[in-house]
Structure formats: structure tokens, C-alpha cells
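In what follows, chain A forms one complex with chain B and a second complex with chain C.
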Partner chain A sequence: MDRSLFRLTPSGSTGLIFAALCFAFLPMLAGSYWLSVLTSAVIFAMATSGVAFMYARLGMVSLTQVGLMGIGGWVMLRLNYLFDWPFEVNMVLAALATMICGWILALPALRMRGLYLALVTLMAAGGLEILFATYQFPNGGEGFWGVKIGSSDPFRRPWLAQTPEAYLRYCIVIATLGFLFIEGHRRLFPGRAWALIRRSEAAAMAAGVNVTLYKTWAFGIAGAIAGASGALLAGSLGLLDDGTFRASESIMLFALAIVGGARFWLGAVIAAVLFRILPGLLNTWGVDTDLALVIFGAGLLHALITAPNGIAGQIHDLVARLRGGKP
Partner chain B sequence: MTRGSWVNWGVYAALMAGIWLALAGGMPFKVTGMFLASGLAIGSLYALGGIGMVVLYRASGVLNFSAGAAGAAGAMTAWQLVQWGLWPPLAWVGCIAVALALTLAYGRYLAPLLAWRETVVKAVATLGFALIILGLVSFIWIDDPRSLELPTDQIGIVLFGLRVTATRLMAFAAAIAIVIGIWAFLGRTEIGLQMRAVANARDLSALLGIPIRRVETIAWGISGLLAGFTGLMFANLIRLEPVVITFMVIPSIAAALAGRLNSLSLVLVGGLSMGVIESLLTLSPVLKGVRPIAPFVIAALVLLWSQRGTRLTFGGRD
Partner chain C sequence: MIQIDAVTVRFGGLIALNEVSATLTAPVAGIIGPNGAGKTTLMNVVSGFITARSGQVLVEGQDFLRLAPHRRAQKGLRRSFQREQIADDLTVLENVLVQTDWSLTGARAKRAEAMEMLAVVGLADHAHKIGGALSGFERRLTDVARCLVGAPRLVMFDEPAGGMSVEETDRLGDLVLQIHGLTGAQTVIIDHDVELIRRICAETLVLDFGRRIAFGPTADVLADPKVKAAYLGTEEVTA
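Entry: the complex of A and B
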């Protein structure tokens, strides 16, 4: 086992402290509306970490992360109404099922890169949007699709987290584990292979790295993370709506991952705050939420043209400068 | 035209014919012809959107996600102008002018900042522009059911015993005319030659003294005009709603992929067949619900098919 696996970087310890603070104080601050907004923000931060990781570590653009979340959520709801298994078992199964879908999606990745890969994932997102809109999400009905008219059957939350406050804490813990899962991979041999692939695929192949395997691996991780977040989202609301999983949402999530800064954990948090909390805030202040789109778009152009590491990268540089080091 | 492209044409035609036979085999033409006509109209829209994408992509390497948003802005402007009592044809010109201005502004001032980045970054950047336009348009025109009518909606033309509105016929004819026009433009004019050169090798063309900025601006202009016209047609034939028109770029990209981001005639045939197949699926009891999925499935299959036999190898451009 590599000793550097457990080394705590300044950024990493800040992240853990941040998660701990959120765990301790976030549920106390909010009313019931904000509790659900914050829970979904935490869940989307986790989902963003998946796309951000693929972009930052391998330069692969996935425009279907929210669609994959929909698959995870669908499996979660389906299992919930079919069996009496505990929440955690269902969540793990949902993550695994989504991981397999991620692999299927990765098949084209064996042959494509760059723009074409992004477009394949976009086609998948478009297809998933229509499947969700047609078949809807299970709510306790009969048959394979499990959809019935009227109010849905009760959804079992984890026994550790029956109240909304506890559920928010639960999501924070799972999301932190998700971030650590990705970081752990980055520090072991897949991370080294990814770094080499990112620098030069030719060099990676020449060095004997199985490029196909490691790219597929990355897709699997992003899929599993998306599946788990979809499952958590199902648990937060007890039901899912196809409007949450449109292709446009996947595109938006990817855009915001870049705005936030794909290389840093803080970037995923910023992306989720922009994605879920900013529209809520604008709503409370009586500002048209459509203006959030203008902010997102301008932020995306700004990030791509002048700040490749996003807002988190700029904060990172600022901190480094304040401490007197090289930016 | 090479033999390969004839094969591709044939595949699309065979696909359409196969689905036609499977789903509409025993039915009278009076019934199935309706689906064919509406499918051709929708398919023309996909194709128009795809043609605009491909022309720009070939000349500048930018896959323009903001074409739909520019069209939406144009269509909403046209609606507003009609509401203010302007003579409708002027409003339609306004639609195209707004889309053209937005697209040119991006192409002239923002796109050059990213000219040497990877294609995927350039594509994602246009997404940022699309979000800005969409945000502003939705802010100016709050959600409300609206519609944009064209005088051609009232005119019916009887073809093969079917009554088809002139708007649908116009979309279809425009798609074909535009493909022929652009094909002639690229093949017969000096600017067209330069555009093909830039598409082939941007850096080498610059060395040869081709005015790259001018050529690219013209490509952005063509793409803007097409975005405006497509937006107007979408608004009339599908729905006048900024979000819907903006994200119609996704099936347009599917049509562009049908031509492998390269061949205009294949984009046209591919887009048309996507529309027809989508429309014919209404006849299938099982697949009726998921029929809008057709463009994505076809595009994904085309991508997989066109990449068959290739493997990830050393470097090169993507």
C-alpha cells in the first residue's frame, strides 16, 4: 500500500474541515425549504465531482451526468418498492447499475476522443431525457415500470436519517466519501495512468499503459458517483420528476463544473451552489431566476477564456499568494 | 461524389423504407402519407439546423451550440414586432437580422480568443453564449403561451392526394435549396475555395495568405442567417418557447452527426430520415411514446459505424 495515499494536503484538510463544519452547522441554519435545497446542493456537488474529475484528469467531456443520476434514481425507487432491503443496499445497487451504464456509454470512448466523445454523451443524454419522460419514475405502481396515477407510496429513508436534518447530514457524509473515493483513485496507480494519458496519449501507450482500460475505468467511477447521487436525490424527495433529468441540465452541470474549477473539490461545491442555491436565493430576493443563466454563461466564457482553473483555481492562487508562496 | 457517399445515402433510404414497410405496410397511403409529410417537415428543420452547424464547423472548427439560442432570440423579436403592429414580413427579416447580429458578434469578438484551443473547448464556449442569450430572452419575455403565424399556414397544397400546408413545403424546399446553394458557393466561388482551405488546414491557409478572419466571419454570417431562418421555422412549426427552440440544437447536432460533421448532402438526407422515422414511429404501439428518441439513436449508430475499425492511436487531431 502506498504511504502517500493517506497524506493530508492543505487543500484536503481544508476540505475535510469544511465538510465537518457543514455537517455540524448547516442543518441548524435552515428552515424546511432551505433544508431541501441544501440537501440537493450537496447531492449535486457529489455528482459534479464525477464530471469534473473526468474533465480535469482525462480531458473527457461527459454531457450526460444528470442523465446517469436519473438511472441511479430510477433503480433506487424501483428497488425500494420491490423489496424490503435497507436504503444502503439499494443505494449501492443503484450505484453499481449506473456504473454498468457508464461502461456501456464508455464503449464509444474506446474509439473516440474530444468533440466526438462529448457528442456521443450528448446523444445519450437526449435519449435518456425521452425515456424518463415516457416511462416516468416508479412510485409504487404495478409492473416493471411501477408507475401509478395519484400520490406515491411512502419511500423508506435510511434508519440513521429519518428527519430532514439528519438526512442532510447523511448526504454530507456520503458526498465526502464520494470525494475521498475519487481522490483515493487519483493517488493510486489509476491516477498515475490518468496523469500520463492527460499529458500525452502517445506517451502513455508507449509506456505500456492500457489507455482503453483506464478511460473506461474513469467512466465507471463517474457513473457510480452519479448513480449514488441519483439514489440520494430519490431519498431526499421520496419521488423523482423527469424534469430534473433533462439533457439541458447535464449540459448545465458540466458548464458549472468548469466555472467552479474542475481540478478542485471546492470547484464542485461552487458549481453545486450556483446550480441549486443561487436560483433559490434569487427567488427569495425577488430577482428573476432567468438571470442566473446569464451569470452561468458569462462565468463559463470567462473561465474558458481567462481562468482555466475556474473560481476555485483563482481562490487557490489567491491563498497561495497570501501565504507568500508562488501562485 | 464518391462511391462511399452513395452507400451512405442508400443506407438512409433503406432505413426509411424498411421502417415504412414494417409500420405502415398495410395501411392506406391517405393515413400514412400524413405522417410522412409531417416527418419530412420536422426532418427539414433538423437538417436546416444541422447544415448551419456543419458549414460553420468546417470553416472554423466551432460546433455552435448557440445557434438555437440565436434563433430563439430572433423568433421572440419577430413575435414582439408583430405584436407592435409591424408589417409581418419586416418582422421575419428582424428575426433573421437578430440571429445574424448575435452570431456575428460572437464569431467576430469572442471566437477568435479561443481559436487555437481544442475543438471541444470551442464548442463548450458557445454553450456559455447560448446560456447568456437564453437567460436574457427568458428574462425579457416571461413564460406565456405564444405563437408565431405565417401566412403560408393558411395555404394548403394538394400533393399525391394529401393536403400539405405551404409552411411545411417551404421548410422542405428551403432545406434542399440551401444545400444546393451552399454546395455551389463552396465549389464555385473564391471565398468558397478559401473556406474549404481553412477547413482543411487552418495554419497552412494562414501561411498561404488567406484572410482567415474574413473567411471565418463569412462562415459565421452564413450560420447566423441559417440560425435565424431555422428559429423562425421552429417557432412556427413546433413551438414558440425560448427554451424549446434553444435546445432544438440537440437534434440538430444529431442531424449534423448523420453527415459526420462534414457532408452537407448527408446532413440533409440524414436529417430528413430522422424526421420521417420519428414521425412513422407514431404508428407503432410499442415505440409510440419514445419516438423523439429516433434522432439520437440514429446519430449514435452513425457515429459508432463511422468510427468502426479505427482505434485510439497516437495523437493527431480529433
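Entry: the complex of A and C
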């Protein structure tokens, strides 16, 4: 076993402590509205980690992440109403189904880079948006699509997390596992291959790296993370709406991943805070939530002009400077 | 032994390589020629980044042109580029380990081999230094160490001495001379530094405008009037 896999870095231990503190105290601090907002934020932090990982490790821009979440949510709801399986089994199957969709999406995108890859993934997100709007999400109906008119059948939450507080804690644990899953990959041979691919595909091939395999692998991981996030979102809300999975949301999530800092776990958390908690705050204060879009735009300009590693990168540099080292 | 047999490459109307043939048998062989002669194109054909219109390349009897680039690397082909390709966010050791990650050899053995080759190039103390913190020469040495791991059969360097000081070039030349003894691999090197080629290459292929103009023992090749003409021109310039 590679010992470097379990090496605890200062950033990693800070992340685990942060997750533990959130697990312990976050559910106690919030009412029912904020529990819902915080759960959503945790789920989107996990989804952001997938898209940020693709960008930070391979330089690939995927604008389908929220659409893939929709696939995960759809599979989760369908399995929930079809079978009496535990939540965890349905969630894993949803993640696997979305991973396969991620692979299928990767096939035409493998030969593309940069803007062209972004456009292909955006078109896929647009296609998924149309599918979700046309066929809606299962709510206990009959047939393949499982949609019926009227109220939805009840959704089964995890046995361990029947209350909103427990479900928030459950999501924090799954999201932490998702982050660790990506970090584990980064530290082992796939991470090395991705780093070299990002540097130069030719150099990676010259080093014996099967570029197609590793790119597909990355799409699969991002897909699985998105699928699990979608499944958790379905568990949080009990039903899903096509408006949640618009292509524009995928663009927003990617942009916020850049603002937060794609190379850092904290970046995904910052992105999720901006994506879910900031509009919640504005709503609570009685301010138009569209103001959040203006703030996102300013944040993106800030990141593009002055902070290529995002807000998390700036925090990282600041901490390094305070410790007396080089940023 | 590398057998290059009538390799032709065309880019539209431009003939980059015109039926180039040579059988390289020396432990260290050189390829020289003026800019645009087709040296890197030939290296790209051997490593699989450019498809030859016709011809054959055999490395120890195996037809390499049929293999995908990463499969050629797995069969023992090593290649460094004009600009050294080191991932800035990986450590020196990780940059070397990438080369053998595909193999089923145990992780401990691969790590030991990588450390051994880092010691050969003089970077063992820097094994855990991040790539982004290396000097240009250290990056080149990391590139060389990566070429030495995983039982290489053919190592190709494309202008490795570019931008280096005389001392660094000498050290690099010494390292290249060790490769055959260390790994059994044959080395092919492209460089504009004729003194380096003269010192380390037993045989040399000279290309000009995509054609082979000379091939043989380096001393003979460098004395060839056609080679001198290709490098220096033939017309006298009068004031």
C-alpha cells in the first residue's frame, strides 16, 4: 500500500476538522429553512468538487455537472419508487448510472480541448435540460418515466437520517467521502497521469499514459460524484424539479468553482456557499436574490484578473505568508 | 538496433521526410541537421506523434509504427522533448514514477528503481521537491531520470542541451554515455551542439530538407563536405 495515500497534510487535516465541526454543530444552529439551505449547500459542494477536479487536474472544462446531477436524481427517484432497496444502494446505483453517462459524454469530448470541450459539454447539458423538462422526474407514477399527475408518493430517506438535522449530517459525511475519493485518486497513479496530461498530452503518451483511458476515468469520477450529489438532493427534497438542472446552473457552478478556487477543497465549499447560502441570506434579508448574480460576476472578474487560484488560493497564500514561508 | 526504412512524411505539399533510411546500431547515435531538416519529425514518427506516409521503423526487430504512442512507451521507447515536460504540481519522484505506473511491478520496486535513477542523475536529495520549484537543469535531469526507469530499449532526446551552460552540457553528455551501461538501452540524440554530438555519439545521421545527406561514424560524417555545406552554406560572401 502506498503510504503517501494516507499522509495527512495541513490542508487535509484542516478540511477534516472543518467537516467534523460542521457535522457536530451545523445542524444545531439552523431552523428548518436553513437546514434545507445548508443541506443543499453541502450537496452542491460535493458536486462542485467533481467539476473543480476536472478543471484543476486535467484542465478540462465540463459544463454538464448539474445536468449529471439531474441524471443521478432521476435514477434515485426511479429506484426509490420501483424497489424497496435501502437508500445507500439506490445512491450507489445512481452514482454508477451517472458515471456511465459521464463516460458516454466523454466519448465525443475526448478529442476536444478548451472551448470546444466546454461547448460539447454545454450542448449535453442543454439536451439534458430538454429531457428533464419534457419527461419530468419520477414521483411514483407507472411506466418507464414514473410520472403521475397529483401529489408524489413518499420518498424513503436513509435509515440513519430520518430527520432534517440527521440528513444534513449524513450529507456532510457523504460529501467528505466524496472529497476523500477525489483526493485518493489525486495521490495515486491516476493523479500522476492526470498531472502529466495537463502538462502535455504528448509527454503523457511518451510516458506510457493511456490518455484516452485517463480522461474517460476523470469524466467517470466527475459523473459518479454528480450522480451521488443528485441522489442526495432527491433525498433532501423528496421530489425534483427540472428547473434545478438547467444548463445555466452548470455554467454557474463551474464559474463559482473558479471563483472559489478549483485546486482546493475550500474552493468547492466557497463555491457552494456562494451558490446556495448567499441567495438564502439575501432572501432572508428581503433583498432580491438576483443580486447574487451580480456578486458572482464581480467574484469571477476578481478571480480572472487577480486570483487565478480563486479565493481559496488567496487564503492559502495568506496563511503561508503569515507562517513566514513563501505563498 | 533501430532500422529506419524509407520513411516518408508529407505535410500537404511539403515533404518533411523523403525516404529516409538508416540503421542505428551504436549505443549512442546522433541526428543532426540545420533547422527544418526533419530531425524532430523523424523522432515524432518513431515515437508515434506523426504518422509516416510510408516506410517502416523497427526497434530490435519490432515494428513500432503499428503501435499507439503510449504502447510504444510501454514497449521500452523513451522520449524527451525540446522543452522538458515536468508536471509542476508533482514531486520529482512522482514525475519519474509516472513512467512506470502502467506496469504491474510492485509499487515498492518501482519506487526503488525511481530513487536509484534519481541518484544516477544526482537528484536523490530533491526527490520530494515539487516540480515547480526546480531549476531548468534540474527539470531536464528529472526528464532524463524518467527516461531511465522501466527497462527502456530506446531513449530519444530532442535537443536536451538547449539553453544549458557548458558545464551542464558536459554533465548531460556524461549521463547520456552512462545510459547503455545502466539500462542496456540505445540512445538517439538530436542536438545543434556539434561538439556534444562529436563527444558522445559513435554514429550520426545528418538530414537536410528531409533527406539523408550523410550517415556513419561521427568523425567521418562531420568531416563530410556535404555536411559542412548544409550547416555553413557553399557560397563565399564577399565584402
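We adopt the following convention: the second predicted complex is superposed on the first by the 327 of 327 C-alpha atoms of A that agree within 3 Å, B and C clash if a C-alpha of one lies under 4 Å from a C-alpha of the other, contacts with A are read in each partner's own complex, and residues count from 1 in each chain.
In the analysis below, a contact is a pair of C-beta atoms (placed from the backbone, for glycine too) under 8 Å apart; a residue touches a chain by one contact, two chains touch by 3 or more.
Bear in mind the structure is a predicted one, so any value in this text is a computation, not a measurement.
With both complexes brought onto chain A, simultaneous placement of chain B and chain C is permitted, the two fitting side by side without a clash.
In the superposition on chain A, A:Ser200 makes contact with both chain B and chain C.
Within the superposed three-chain model, A:Gly127 lies in touch with chain B and out of touch with chain C [touch as defined at top]. After the chain A superposition, the centres of chain B and chain C are separated by 80° when viewed from the C-alpha centre of chain A, nearest 10. Looking at the shared chain after the overlay, A:Thr163 reaches neither chain B nor chain C. When both complexes are overlaid on chain A, the residue A:Phe189 reaches chain C alone and has no touch with chain B.
Counting residues of chain A touched by each partner, chain B versus chain C, the larger count belongs to B.
Of the two partner chains, both chain B and chain C are touched by A:Val211.
Put simply, the nearest alpha carbons of chain B and chain C end up 6 Å apart when the two models share chain A.
In the superposition on the C-alpha atoms of chain A, the part of chain A touched by chain B in one complex and by chain C in the other spans residues 200, 202, 205, 211.
Residues of chain A touching chain B in their complex: 59, 61, 108, 110-120, 122-124, 126-127, 130-131, 134-135, 200-202, 205, 211-212, 246-248, 251-252, 254-255, 258, 288, 290-301, 304-305. Within the complex formed with chain C, the chain A residues making contact are 1-2, 189, 192-193, 195-196, 198-200, 202-211.
Chain B makes touch with chain A in their complex at residues 63, 110, 113-114, 117-121, 123-125, 127-136, 138-139, 142, 243, 247, 250-251, 253-254, 257, 289-290, 292-293, 295-297, 299-300, 303-304, 307, 310-315, 318. Of all residues in chain C, those touching chain A in their complex are 47-49, 68-70, 73-74, 77-81, 85-90, 94-95, 97-102, 107, 146, 150.
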